[in-house]
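What follows is a set of structures for review.
The two complexes that follow have chain A in common; it is paired with chain B in the first and with chain C in the second.
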Partner chain A sequence: MNQVILAMQAVSKIYGYRPVLDRLSLEIPAGTVVGLLGKNGAGKTTLLRCALGLAKPDHGTVTTLGEAAWNLSASAKQQLGYVPQSPQLYPWMKVRHIISYTGSFYFRWNPALVDRLTAEWDIPLERRAGNLSVGEAQKLALVLALGHEPELLVLDEPVASLDPSARREFLKVVLDIAAAGNRSVIFSTHITSDLERVADRVAILQQGKISFFGELGDLKDQIKRLRLTSPNVLPERLELPGILRQRTEGKNALVTTRCHSPELVDQIESQWQASVEVQDLNLEEIFLELHDE
Partner chain B sequence: MSSYLHVLNTYFGRWRFWIFGGFYVLMAWLTSGINRERSPGIREWDALGFIVFSTIIASLFMAFLALHVRRQFGSPQAHVMPGFFAPHFAVFVAVSSVIWIVIPWLMAERSQWPALPFVSAHACAAILLCLIVIWPRALVLLLGMFLGPVLIFGNVGLFSRAAQIRFAQGFVEGEFGGVYFVLIALALAAYVCAAWRLRRLSDLSAATSDDFSLEIKNEAYTNRASFGILQDWRDQTTESRLAAIGPTRDSVRLRWVPSATSIPEIAILGVLIVALGLAVWYFVGESGAAVLVFTVGTAAMVFGPLSTWRFRLNALATEVMRPATRRQAFRRVVMAMALDFLIWGVAATLVVACSYLFLIGERGFFYRSAILIHLMALWGAIVLIFGVTLATLRFRYWVPLFLGLVPGIMVACLLGAVMLATLTYPVSRGRRDDVRYGTLAALNFALSCSAVGLLLSRYSYRKLLEADLQ
Partner chain C sequence: MAADFLFQVFPASGLPIYRQLVDQVRRHVASGRLTPGDFLPSVRQVAIELEVNHMTVSKAYSLLERDGLVELVRGQGMRVNNRPDNAGPETLRDRQEQLAPIARQLVAAAYQLSLNEKQLRQLLDRVLKEFNGK
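== the complex of A and B ==
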């Protein structure tokens, strides 16, 4: 479990004058399902493309499956699966031809898995890829990425175009992959409920840096909303560590902090003689709080 | 600033307009300065020559203008913003009118010919502009702007030289009032149709209003029965290629598998070109017209691989993620592309070989040199188009780049080739010298096109190795 499947050290990527990734560092251990969260334009896709060697960082190093990402060997790519935001499928080919064509590249192609997934997801094998709906194309891209049972599966907003049942089925497959051996999945998404369901770690990307990387439970333990009620009027600005948002109205205050601890609650109670109610936040609320900083 | 000036700025901000505009004005200035004090017949012929040349350049310019206007009117803003239509359309009409009315008028003034013939000839460019605005696939009519003059004034057997000179004299002297009127009226009517189309364009999706309408849409690959046989052939080709790969992992042959055309389709196209050329030869009775058909037909075949590679060169992220190193992947993809071009080139060569077999018997026809010249030019063009394809097809706005680079480089190579041949054979002492001159010029053209094509390929391949992929 100590093996690192993806390591990024001080990675910067600049488009024009805009740094999309800014000295970003990240280490993802093998056997984890990592959800990558960030606002539109935060650099999620760029991060994934750097991890796969599709984009060259301007600074820093990226190591994927133990190799430099920019020069991944053929054997490393045998263990790599990738689904881009917009799958690129040869529009003139039938689905079954695309499947056999893709399968020809891999030593460890699992036709049984592919057959099962295409049947379960109702992918029409005799239709040409150009005629698939957006959702069907996305499902096919997923099947093609899963066919060789990769050690590392990288998914860039994979469920955005899927209907709820396909999404559920997809998430189940992701969980199956993660459960089978030491496989890893990295996926970016805006759907925080999906992430909560399958990801055991979360990476939050803000202003080109990873602002949090860790287990989902840790994130929820750290970020809490505190409801303060004091017999006295509370100051306009409460000087507390890690404040993400605060609103004070007379003797009441609502504070979101990223440094929650029992000691912090004790400090508030003693400093302002306030009673503190600690509220848990779900991932979507955490995301909103973090990005409203 | 007035909204009209804002709209005008959208034209001034695009370097392609400056390049083409500058080139057009320069050519108009140079050609219209040709001495009018030449013998009758020749001076009219010269004048008609520069009218045609200038109209062709104006048409190229107009094509880019049409794409620009379609993009403006195809945007959602065109539908939502109040008062969008009037300034945009007025500026479009004004800018295009400068190209087809004002500059030709000034050309005529400078060269002391009547203005009407100049303006009416350039009305063809305005008609083309409006046709592209109405239907972007009309871009292929640009080819017609090159072919039309060849058919009318070339030595292809359609008109005698005397008739051609009579026409030239009559046209530039302003004797064909009806022709001028029809051309200008057609241009004005085309503007009305374009206005109607642009009004409706904003209702359509962006996908149908951008300049990629030249490309085959994904939805075009249907299971329709009308193309069932062709599609079956493609499927069978894919299956047989996959079966032939066997257990080989990531080879050039495997990379070559996805192809939008099959060998039988290429063969049918070749047979059609040969049949059309022979039919023209039979009815016109001269080899010139047939040679023109074979030339245009085989030239069209050279562009065949684009249907596959326009898509594949934009799906390189998928290609690179297959199990191979980045360098191996690109090398195999580029080799697979070369293989496709080779197949189309061999098919075009066979067309040339078959076609000329039928013309061998014609008296005075120098078939050996004709075949040689045709094949050299063909393969030079293939290598050049391969290079330009690799260099440009990955770009979003590849159409103007491709349309600008291919003819631009070809014209430059042709000029260089002719100059070099002229240095070698400055004086013609008869037919045999003419043939040697033509062969040498074709050889120079093929070599220079190939050199540019290979340089572009090498440069693009190196750029690919370092490129970020989507």
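== the complex of A and C ==
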């Protein structure tokens, strides 16, 4: 059992002249569900592919399940599950056959789990994969990635093509996996609401770097919008720690900070004789504020 | 008590889910719905019923434990502590005070939406009806 399931150190990946990952570092402890959040084109897929040894970084080191990601041993690969953004399934094969074919590659394949999931998710076993709907194909790909009960499950935009009820079911499965013990899940998304329930940690990918990694609760505790009202005219720019955005209009100011604390509020109140109203921000609002720098 | 009777989480709120759980346990103790000796539902049960990550629930429970509101009884779970401030419901005034910040936010938002007092009360009545109908 590895304590750190994935470690990336100063990883750069350059396509042409564009650095998609730029000296990025990230360390994910075992047993966590991490939501990887970033805009379209931020490099989420590239990061995941580097973690899986499917893409080779130009600089830096990636260690997955304790091994160099680019040279994973067969036994490490037995511990990985991966669902790419658009899963490739053999269109001529029946679902039932794809399942047994995939299962034959793994030492530890759990047919009971696979049967349960295919039944729960109404995956038609006798249909050819080429005739599955997008949602069905996505669910099948997920079953194939779960069948060997991997230690690390990597999902690239897993719910993008699922309808709301299938999405909810899917998120439940992720929660089950998380609750089952020391297994880890990394999933990328740009849909913040998926993350809020399921993830216990968030990694935010921005300009090729991880701009935040930590507990979702901590992120919400730290980033707040402060509404200042003062009897005096406030300065155009307030010198405060961790400012993401600020706007002053006369005696009022609106400040978003990433360093919220009760002490900070005290400081503002005494420095500008202002009353401060603290506004909570949800993940979507935080995401937007972070991208507005 | 079933977890979904005890708790209601709003994942898309700016208040972290673990804080919502902590606040709600405090409120149940304040109201006397939870009394000393009662057990909270297990972390696993809450996680499954509310469909939230179990680490989030653990975090809420350990904060409650740290603050002395509950204690861990081996093999049985989290028990509401028998201590003076947990004994019986708090006064009406104290309980109203706990809700005051939310009420202020509500009134401020109503003002921004140009809802007058009567219209706000109408809304509250409707929401109360929905809640009682559940």
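Just so we're on the same page, the second predicted complex is superposed on the first by the 291 of 293 C-alpha atoms of A that agree within 3 Å, B and C clash if a C-alpha of one lies under 4 Å from a C-alpha of the other, contacts with A are read in each partner's own complex, and residues count from 1 in each chain.
FYI, a contact is a pair of C-beta atoms (placed from the backbone, for glycine too) under 8 Å apart; a residue touches a chain by one contact, two chains touch by 3 or more.
This one's a predicted model, so the numbers in the text were calculated from it and none came from an experiment.
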item: Side-by-side fit of chain B and chain C on chain A, or clash; value: fit
item: Touched partner set for A:Val202, first chain B, second chain C, both or neither; value: neither
item: First (chain B), second (chain C), both or neither touched by A:Asn71; value: first
item: Chain B versus chain C, judged by how many residues of chain A each one touches; value: B
item: Apex chain A: angle to the C-alpha centres of chain B and chain C, given in degrees as a multiple of 10; value: 150
item: Chain B versus chain C as contact partner of A:Val185, first or second or both or neither; value: neither
item: Which superposed partner A:Val159 touches (first chain B, second chain C, both, neither); value: neither
item: Partner chain(s) touched by A:Leu21 [first = chain B, second = chain C, both, neither]; value: neither
item: Partner chain(s) touched by A:Tyr106 [first = chain B, second = chain C, both, neither]; value: first
item: Chain B versus chain C as contact partner of A:Val33, first or second or both or neither; value: second
item: Shortest CA-CA distance between chain B and chain C [superposed frame, angstrom]; value: 28
item: Contacting residues of chain C [partner chain A, same complex]; value: 11-19, 44, 47-48, 51-56, 59
item: Chain A - residues contacting chain C, complex; value: 32-33, 168, 171-172, 175, 178-179, 193, 196-200, 215-218, 220-221, 279-285
item: Contact footprint of chain A on chain B as seen in their complex; value: 216-223, 234-235, 238-239, 242, 245, 248-250, 254, 257-258, 260, 311-312, 314-315, 317-318, 320-326, 328, 466, 468-470
item: Chain B-touching residues of chain A, taken from the complex the two chains share; value: 49, 52-56, 70-75, 77-78, 80, 82, 84, 87-88, 90-94, 97, 100-101, 104-107, 126-131
